[in-house]
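Next up: some structures, all given as structure tokens.
Next come two complexes built around chain A: one with chain B, the other with chain C.
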Partner chain A sequence: MTALEVPLVERRKPFVLSQWLRENLRYIVLFGLAALWLLPVVLMVSTSLKTQSQTLDPTHLLPNPIAWENYHAVLFELFPFGRYLLNSVIVSALAVTGDVLSCAFIAYGFARLRFPGRNVLFVLMISTMMFPFAVRMIPLFLIFKELGWMNTFLPLVVPSFFGAHAFFIFLLHEFFKGIPGSLIESARIDGANELQIWWRVVLPLSKPALAVVAILSFEQSWNDFLPPLLFLNDTRLYTLPLGLFTMAGNDDVASSWHLVMAAATTMVLPVLIIFTFAQKYFVKGITMSGIK
Partner chain B sequence: MASVNVSSAVKRFGSVEVLRSVSVDIADGEFVVLVGPSGCGKTTLLRMVAGLESVTAGSISIGDTDVTDLAPKDRDIAMVFQNYALYPHMTVSENIAFSMSVRGVSRSEAKEKIDRAAKILGLEQYLDRRPRELSGGQRQRVAMGRAIVRDPKVFLFDEPLSNLDAKLRGQMRAEIKSLMRKLNATTVYVTHDQIEAMTMADRIVVMRNGIVEQIGTPLEVYDTPQSLFVAGFIGSPTMNFVSGRLDGNNLVLPDGGLIPLGERVQGRVGDVVLGVRPDAVRLAEVGVEFAVREIEPTGSETLLLLERGDIEVTVIQRERTALAVGARVSVQFDARAAHLFDPVTGSRLG
Partner chain C sequence: MTNPATGPAPATPPARKKRLKSETREAIWGYIFISPWIIGFLMFSAGPIVATFYLSLTSYNVVQSPVWVGLDNYIRLFTSDPAFQKSLGVTLEYTLVRVPLVIAVGIGLAILVNKPSRVMNVFRLIFYFPAIIPLVAASIVWLWMLSPQFGFINPFFRDSFGIVLPNWLKNQSWALYAVILLGIWQVGQTMMIFLAGLQEIPLELYEAADIDGASTWRKFRSITLPMLTPTIYFNCIIIFISSFQVFAAVFVLTNGGPANRTMVYVMYLYRRGIEFLQMGYASAMAIILVLIVLALTILIMTTSNKWVNYDRT
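After this line comes the complex of A and B, so read on.
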């Protein structure tokens, strides 16, 4: 032992369990909760890599041997995964674009323009959040049928371009209200019209909030099941959740949980990747808009 | 450049009357400062000229055009805000260019104007930075650059220096003043700081509770304040006020003391408020007796705070003092520099 090390040893505090617990309790709790929430995901991934005989024995978490061929089967053999993926991407991309643009547009009006009846309209708009899809399902079905939009992507996409999601409008409204009024007034004096102010001043300043809306909207439309089920009949138009559901209901596959899980994993993956990359924006946007 | 005429302008927010019939005429190329305590309506008046607030009654015109109901962008004005209102996501040059780009000015013309503004304001090496990378004074200059490239008819400033520290404020004060003179710009400038008003203005508009108390050049307002309020608001340290009753050539204090005012008050009788600036009060061999309550040396001069019963008087002395707190002194008031006000209405007498 050198002379330098002596003080280090002397400074070390005696280990006291209660103190250690107090300092680390929150991590223990968080770790436990995280493990609990991750369990289904872990089981999904694990099952997706098992052979059919292994799926009957859930006690072995790690598949042995690892059945990579499940993914090959899902992607190329069992059902037209590529087509469903493409459909999902098209629907989600359009829905996200529509949601972000239309909700930001409407929210700007509510947050920054003065017009008679604004508050009443805003409350009315917010109250549409109270109606679950199950309530709107039948009227929507009738409307879209009248419009001749059955068996197209239009019912899944067009509403997004008309501010169908009151929650996104509300979220952006709160964010826009936080933008200093003098910036908007300054732009007004500089000669910008409201559309230019919205596009060139408000939107660039709202990137975090717009990112939150984009992510939530993507997640929603990517995982959406009931509307596609309702409005799409042609299997070639199916989105991933719908395709997955049909596959799981197929007699040949119904008992093949390893394949169902492989398909589910493939479907969840894009959302997971996007979340990982967008996490920074996501947290920032939510804290800045004052909504938790 | 153009003149600005505000004629009987009224502003009501619901039932609250913020401006009560305000009229101000601003000449072409004039630098006018609106000054007053918070809530006096000065910022509201400026925003009405800018078009950011509607006019409840009355009218506003810029040049020969009645702009009362015009949108801000159609008034040909530029405004510098208290928080500068720079667009955080744009660089300095984009900030300065914004008004030109929304108006579709050609790129080469815009560049030329940006370069000229940057040169005038010493911003050349900051053009590619974003506002958050600039100091307060630099942001202030960018805000002015944004205004001057517009070549507007009128410049409006809303307390532009209040976010700066004292030293920078003094420097920017002089810069804005000389810049506006160089541009021969019609300027309306709002501040609550009477020193800014005195030093920068061609004319001062003193406001209180939604009305104009007095309009005049800085020295007119300083030398002949038309009301008790103006007398107390303009000038630092504040004017001394002594209440009493005029009797012949003297002001009789409530405790019986006499302040001789000579011919200044000849023939007047009745209750008045006497106003005397601290530099018009001096210590003398004979005079009204006061006790020294506090001594405030500022270096170049010394402030003596004196009291006599309820009456408090401040005296400025050029020379340093040997007096101590509690000492008794005799004071003479310079009758020629004395102001008399009506104790009830607060208005100037004679």
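After this line comes the complex of A and C, so read on.
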């Protein structure tokens, strides 16, 4: 009714601040919070590009001049982060390969083959998820010491080849159960054995699930802190988390924050790159683990 | 042959035999497929757990072989180790403060970004991103953020408002909460799970409430929250279990200090077992940790039917 009385040229509503606030409250709050959430990341990168004298003025956001040489110093000169990066890449690549292959192999057995004791073993496997690493820590330390595996990557990698992550087996088990039985049956009738069915039929159909497991496995091994801390003493074998921790624990850390941040950025960057390319699998991983 | 009743008999035994054979074959393949897990289970999981239980009843310093001491370690833990009791208290405080905070912030952010639009996708990414930053790197960034002189927070408030803030990580009252802050920043995973939960709530419920003229708060209390209880429950268990095992963040940020104010359980266990080589004693702590986590998980599970709403379809 009132709208009709308003002349056409003045149809635009008068600007009322309180009303504008109410309509856009969600966005105002979101912008504020997003700035807060991003701040540490922005500061990490900006500090990593400052010279040492600029770090004395920590609230100054933009580095000027930009000190790209910090990365060179951290990776190759003052600190061996190039080495740590390589170690982390080796460990993660092996752990991801092991996790994907072994968990897919084991999950196929649990999901598609019938054998006596299957349900009991499956429950047993699920229940291992309840036990914190701390409970196995001391015997594992002793076992690996006995095997002569200390100061090698073996303790960080070998368990992955033996289905060490029950959760991944569980995820793939759920996925494999959803594959139509007719596909597997017809392969059997064609004379394929189970190994061939697993490799030629099941795995190609499960690429999205395998990608989710690969991403979760990468995240886990890239983050791993306590196991390398336990099993690696030789600084040349350090992975990124261990190298970063040692660097920041140093007494003169106050004078080298720019280098510490360059090292931290080096550790975050590969995750960011993978995240950019495989975003949907990250999200799928959360919903698969969260809703199931 | 001549008996008509056994006439079709010759046809059945081979068929049965063949079926039996294929069952056996399937079972053999089954065992082949799970065999890596059986080896891994015995070597890296069940074996070590049993070993921890055995070691917890011994005194063992790696150099000499384990000496049987019965329940001595457990008795000592509970009667003459104030540091153990303190670490238990610190971990409990950390958990009890962290779980509700992370749940509340997770729900809050999920509700804010629960709107289908391109801009919202960007906000979701921003809030999710810190969660995938490796914990040690994230801890290091916060170590710098919170450091009083060349960090960010304290200089910022000093220069902008003239407020002098405490030295968070070296302060008895603040150190533990500074560690919790890191967990809140990395809330992304929890938020995404809540977001998925929110999107499963049928829109008709809200439409009906709108017709009845319900307020936003009323809709939150009477629709969103009850419908979200299964997700809250799930997140509670996950965050709870991980909080009780907190290690890396504390190790980097405070190293247990100041004056053991942040000496959490797993860190104390690590000290005793790996640094002091009191492996029997640390094993007893590990067994108690399992029992606590198990007991509290069961407690949450058994009380779930009182507050979790499973009605949604």
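Definition applied: the second predicted complex is superposed on the first by the 232 of 292 C-alpha atoms of A that agree within 3 Å, B and C clash if a C-alpha of one lies under 4 Å from a C-alpha of the other, contacts with A are read in each partner's own complex, and residues count from 1 in each chain.
Methods note: a contact is a pair of C-beta atoms (placed from the backbone, for glycine too) under 8 Å apart; a residue touches a chain by one contact, two chains touch by 3 or more.
Note that this is a predicted model, so its numbers are computed, not measured.
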Partner, of chain C and chain B, that touches more residues belonging to chain A: C
Which superposed partner A:L183 touches (first chain B, second chain C, both, neither): first
Touched partner set for A:L244, first chain B, second chain C, both or neither: second
First, second, both or neither for A:W199, with chain B first and chain C second: neither
Touching partner for A:F167 - first (chain B), second (chain C), both, neither: neither
Partner chain(s) touched by A:M44 [first = chain B, second = chain C, both, neither]: second
Touching partner for A:G191 - first (chain B), second (chain C), both, neither: first
Chain B/chain C common contact set on chain A: 193
Chain A-facing residues of chain B, complex: 50-52, 71-73, 77-79, 81-83, 85, 87-89, 98-99, 102-103, 146, 150
Complex contacts: residues of chain C adjacent to chain A: 23, 26-34, 36-41, 43-49, 51-52, 55, 62, 109, 112-113, 115, 119, 123, 125-130, 132-138, 140-145, 147, 149-152, 155-156, 159-160, 185, 189, 192-193, 196-197, 231, 234, 241, 244-245, 247-248, 251-252, 255, 266, 269-270, 273-274, 279, 282-283, 286-287, 289-290, 293-294, 297
Residue ranges of chain A in contact with chain C within the complex: 26-27, 29-30, 33-34, 37-41, 43-44, 47, 55-56, 58-59, 102, 105-106, 108-110, 113-116, 118, 121, 124-125, 128, 130-143, 159, 161-164, 169, 193-194, 198, 219, 222-223, 225-226, 230, 240-241, 244-245, 248-249, 254, 257, 260-261, 264, 267-268, 271, 275, 279, 282-283, 286-287, 290-291
Sites on chain A touched by chain B in the complex: 180, 182-183, 185-193, 196, 200-201, 204-205
